[in-house]
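Structure in structure tokens, see below.
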């Protein structure tokens, strides 16, 4: 029987992990909402951002957090270009399938380029405060993990405010809900879709930096992330950002707690079990989201 | 009033997010007649079609056909019950030949039927006959995507007719077609009706509606507001009000 | 998940399609080998890309050093040694195809082993079925020796499960009040890494030291927070990590984040890496690690190896390089003794010779049992005073083992 | 019916994808033939009004031919293809088979032969993939996992249950097919995206399970599959398995071809073209997709199991790999998913291209980049594959020879007919666009 301290520690870890999942799943959901695209390359960009953070720290001596000054706008631009130049070219009839292949191809390309530039060696940022931590009711929270969580939380909050409080957010939501109708009321949906993609990729930049703070990175790490993230967006209900965030927290927590009795490997299967269960019994997802039914 | 063999709905309701597309629509169509479903844009006509044919699950309400409830059946089951439909923006199988487009509507029976290597001569003949009757027999071997808009509309209709539906739902058959074809479609509907098929037509072209239909149902905001023969509908103030937004 | 997705068996297919076209154009000239002026061609498949590329390249350097040093001294049987190295991309399908090609198509005279246990077994089967002697530098897991291979020999002092033998003896010899009561194990799901930890676990459990945590994590694990939490919560007296490099670093950092202070911390491989101290922020004091090789080892050939290797590559050799070099030494000894090096009958003689003899190598004298398992044990090193030093066995030690270890 | 006028304004069919389904496309229409001009016998409809659904019985209405008596192939290809086409195809087929079967005796050494086995394995796998991908348009990135399941199933049945190798292979394939039912149920119930997600998740979860469940699968220690023919020398072993794979390839191709020309196949293709529409025409799309997915899984598992028997060592990371699945997709797409031999051709083309990249860029992961770029190019510019592209080129070079696999296009037909056909233009009305605003 796990001790109370271990349970509490696991809850804390689950919370911190769930936060990162939530941010990344939000980006993935955004793409799906905008274009019905399952963006396999999302996690590859995540790792790319992590590498850029690592690189700027190791080679330039800059704090990894500062690398976001460059990576966030860079990724935003890349997202816009990706949507406008590549995804928009695909035929509507086969968009869902072909976009998966296209983004898959992008993911593999990024992985290959990372391997070429930095070799397959596992990398890790060595921070002065890397092993620092503080106590909280008997649990210990690593400073880097807390920073990562904070980054994710701030980014998610920003995204939320952007979506709810700005004109652009309104246009984006309208585009997600009904593209044709949005066009009828004068929204330039193509442009909005491009910017939406940019924002999605920008979240990957933030997530990647957060990731680089506390874990090892290597070029093919993105496969490790894309599976859980896809499960999260399905469980949350394809296309629903709050749904994805909820599912991310729940599943992140479940993974962390299940590691106590089951061990790391089996605990990971919770994502896929949740995925299969969702599709078999409640394809529209558990936390809102109504797009899944039709796509 | 209600005929046992007719297509009827009771309190059909469907909302998309906050938008109520169907609001308790109760309609009974006349069996053996040409029915028209009209109404301003966004009044829920296409949603109504989609609910009736099982493409969308209604939130509430029921659909019956020939006295049997078909509300929760899958679209293909409803099609097999004898209800065929066309789509608002004409839909054909773009990369299949016209003949295959029509033959795709032949229903195989059971596993053995499905795996049978080929269609019978009679089936191919019947498919060709439909193409002939719709005037596109010369395109039998062409891929549908190479055909013009009007030809595709005819091809779509041929496919639906090949499945031999007792009731045919046409979603904007006149949409985007030229006057000559419009006449042709109108007379075709009348001919087919004379042969015993029931029609329900969603259409904006009032000339076509008035000339072919026996019975008109007017939709507004997701429910019927008036129904009757064309002569009556033409002078109904509620209809005018709905269209003009009064 | 990991780079393994790159391991694609179909690349082999390409070989076939290419050669398909070539077969029409007539035979190759690789068939004749026995001429005394011809070099002795040694075929090797190595993971130069993919998951195991880092250690793979180390092994490659070891083989290259061996070839150069041997040739500088006049080669083998008066013939030059020539290496033919193919990249298997860390892929088991590819490694088999590589050895098929080396033996069947390129007609090499000798083959030696690839890197990583996962690749050794399939590769050894090819060699076995073509009747080739197969000395390998990396198949340390005990499963390798349970396949019934007759031609396989592991060119290192001990298999993974025996790496901690000296440490086990030391712990069990402690007075009862000092002996640890509980132990926590965390091992990567990899035959080698897991083998090291489980070898120790078996011995300690048999002696009554309770296992309170037994975690196996996949090779792609990057977040060790949960595993560390379990270990920390168990308050185990000692912690044993069956690690490669980065996972060991991550686990140690995660344990340090939780302020867990065991009496003893042993990790395989990672602590011997030159970058280890920097990677964990120099909080290395007291960490133990088994090693099969040290540059300071007193064996005669080792001095030459370290010297010439350093001259050739600019840095002193590590364990991977030494194991490859050892492999070369074993093969060379057999070839010299038997007096032949080509496919066919000769290989049987080579196998017989290796089985019956002891070979002096840079890791000491090696001999094998009938399954090809070496009969030695690893040394134990410990970080003492900011430096990693040999502490066990007693006759080789540079300093005393510190137990319980100081806080990290 | 000469009176049926030709569409006059040629639709924009010059591009590779004219997409005339857009309402903006030039609206032309054939002049309606008058009903009186039609021979009554050819008119469908009235005859069917007798019963509620006479056609649904599938019985011929006119013509006394019983089922199967005088059947004609469903597709119009036959109509356009002459006897010459058949002969050309038959000769090509025999030549191909001869080339495949004579390869072992031509192979100069066992290595080449073993490489041939690997090629065939890939050809079988991508052909099996094409049952789902080609017919229904549902793209699975997880077929590598099904092959892995077949391999592990076979191995475990041999080692744990003591079944003879090839019995184990058949049982394993059957079990995988059975397992494919719930997988397909979850994956195919909703459209599109979910299927891809499930297919990827399948690989990832099976990797986890087979790695973790070490007591059964051997985990990362791997699983050794006993040789089915222990007495055989290695070269002989390759030879035997070469022919086994060739046989399996033949079987898979035959099954694909049979489905391709069946009503079932037509229904599947209708799903690929427009699933809603197919459903509305009465095709039970979910059942169709599920059946073909199960068939595909069965063949994939057979290939995976045979591979396991041949190769002898299984390791989860190699058996459950997303890249394996994606290469199958790349091969099939490049070769052309609509064609029987597309995946086979794709395997060869992709193979050579990537070997080139590997040779060119040596020991770097740039072959991944090459793979990615190639896949992206195919998806963006050649979604129909090379076979159709070559076919189109051949047509352009040698005129409209109908031995091509492709159906004759309307444009070609029109050209042939232009000479005699009277053109009577029907003016396109201004309101050709189906604007919904029109009251």
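By written order: A, B, C and D. Residues from 1 in each chain.
Assume a contact is a pair of C-beta atoms (placed from the backbone, for glycine too) under 8 Å apart; a residue touches a chain by one contact, two chains touch by 3 or more.
Just so we're clear, the structure is a prediction, and the values are computed from it rather than from any experiment.
J.: Show me the overlap between the contact partners of subunit A and those of subunit C.
T.: D
J.: Please identify the chain with the largest separation between its CA centroid and the CA centroid of subunit D.
T.: Between subunit D and the rest, the longest centre separation is with C.
J.: Chain pair with the most contact pairs?
T.: Chains joined by the most C-beta contact pairs: B-D.
J.: Just the number, please: Cα centre separation of subunit A and subunit D in whole Å.
T.: Going by mean C-alpha positions, subunit A sits 34 Å from subunit D.
J.: Please report how many Å separate the Cα centroid of subunit C from that of subunit D, as a whole number.
T.: Here subunit C and subunit D have centroids separated by 45 Å.
J.: Hey, what residues on subunit A touch two or more of the other chains?
T.: Within subunit A, the residues that touch at least two other chains are 93, 115, 120, 219, 223, 263, 265, 268.
J.: Where in subunit D do residues touch at least two different other chains?
T.: 17, 19, 204, 208, 211-212, 274, 322-323, 364-365, 367-368
J.: Residues of subunit B touching 2+ other chains?
T.: 94
J.: Going by the contact rule set out above, which residues of subunit C touch subunit A in the complex?
T.: Residues 1-6, 49-51, 53-54, 189, 215-218, 220-223, 225-227, 229-230, 232-233, 245-247, 249-250, 253-254, 256-259, 278-281, 283 of subunit C touch subunit A in their complex.
J.: Using the touch rule from the top, collect the residues of subunit D that touch subunit B in their complex.
T.: So the residues of subunit D touching subunit B come out as 1, 4, 6-7, 9, 11, 13, 17-21, 23, 25-33, 35, 38, 42-46, 48-49, 52-63, 65, 67-68, 70-76, 79-80, 258-259, 261-264, 266-267, 269-270, 273-274, 276-286, 338, 407-411, 413, 417, 426-429, 432-434, 436-439.
J.: Going by the contact rule set out above, which residues of subunit B touch subunit D in the complex?
T.: 40-41, 53, 55, 74-77, 79-80, 82, 84-85, 87-97, 99-100, 103-109, 113-126, 128-130, 132-133, 135-143, 145-152, 154, 159-164, 166, 172, 175-181, 183-184, 187-188, 191-192, 195-197, 204-206, 243
J.: For subunit A, which residues are in contact with subunit D within the complex?
T.: Contacts found on subunit A: 32, 36, 38, 40, 86, 89-91, 93-94, 96-98, 100-102, 104-113, 115-116, 120, 219, 223, 226-227, 230-231, 234, 238, 263, 265-266, 268-269, 271-273, 275-276, 279-280, 283, 292-295.
J.: Can you check the complex and tell me which residues of subunit D touch subunit A?
T.: Listed in rising order, the residues of subunit D that touch subunit A are 17, 19, 137-139, 141, 182, 185-187, 189-194, 196-198, 200-201, 204-205, 208-209, 211-212, 274, 322-323, 326, 329, 333, 364-376, 379-380, 383.
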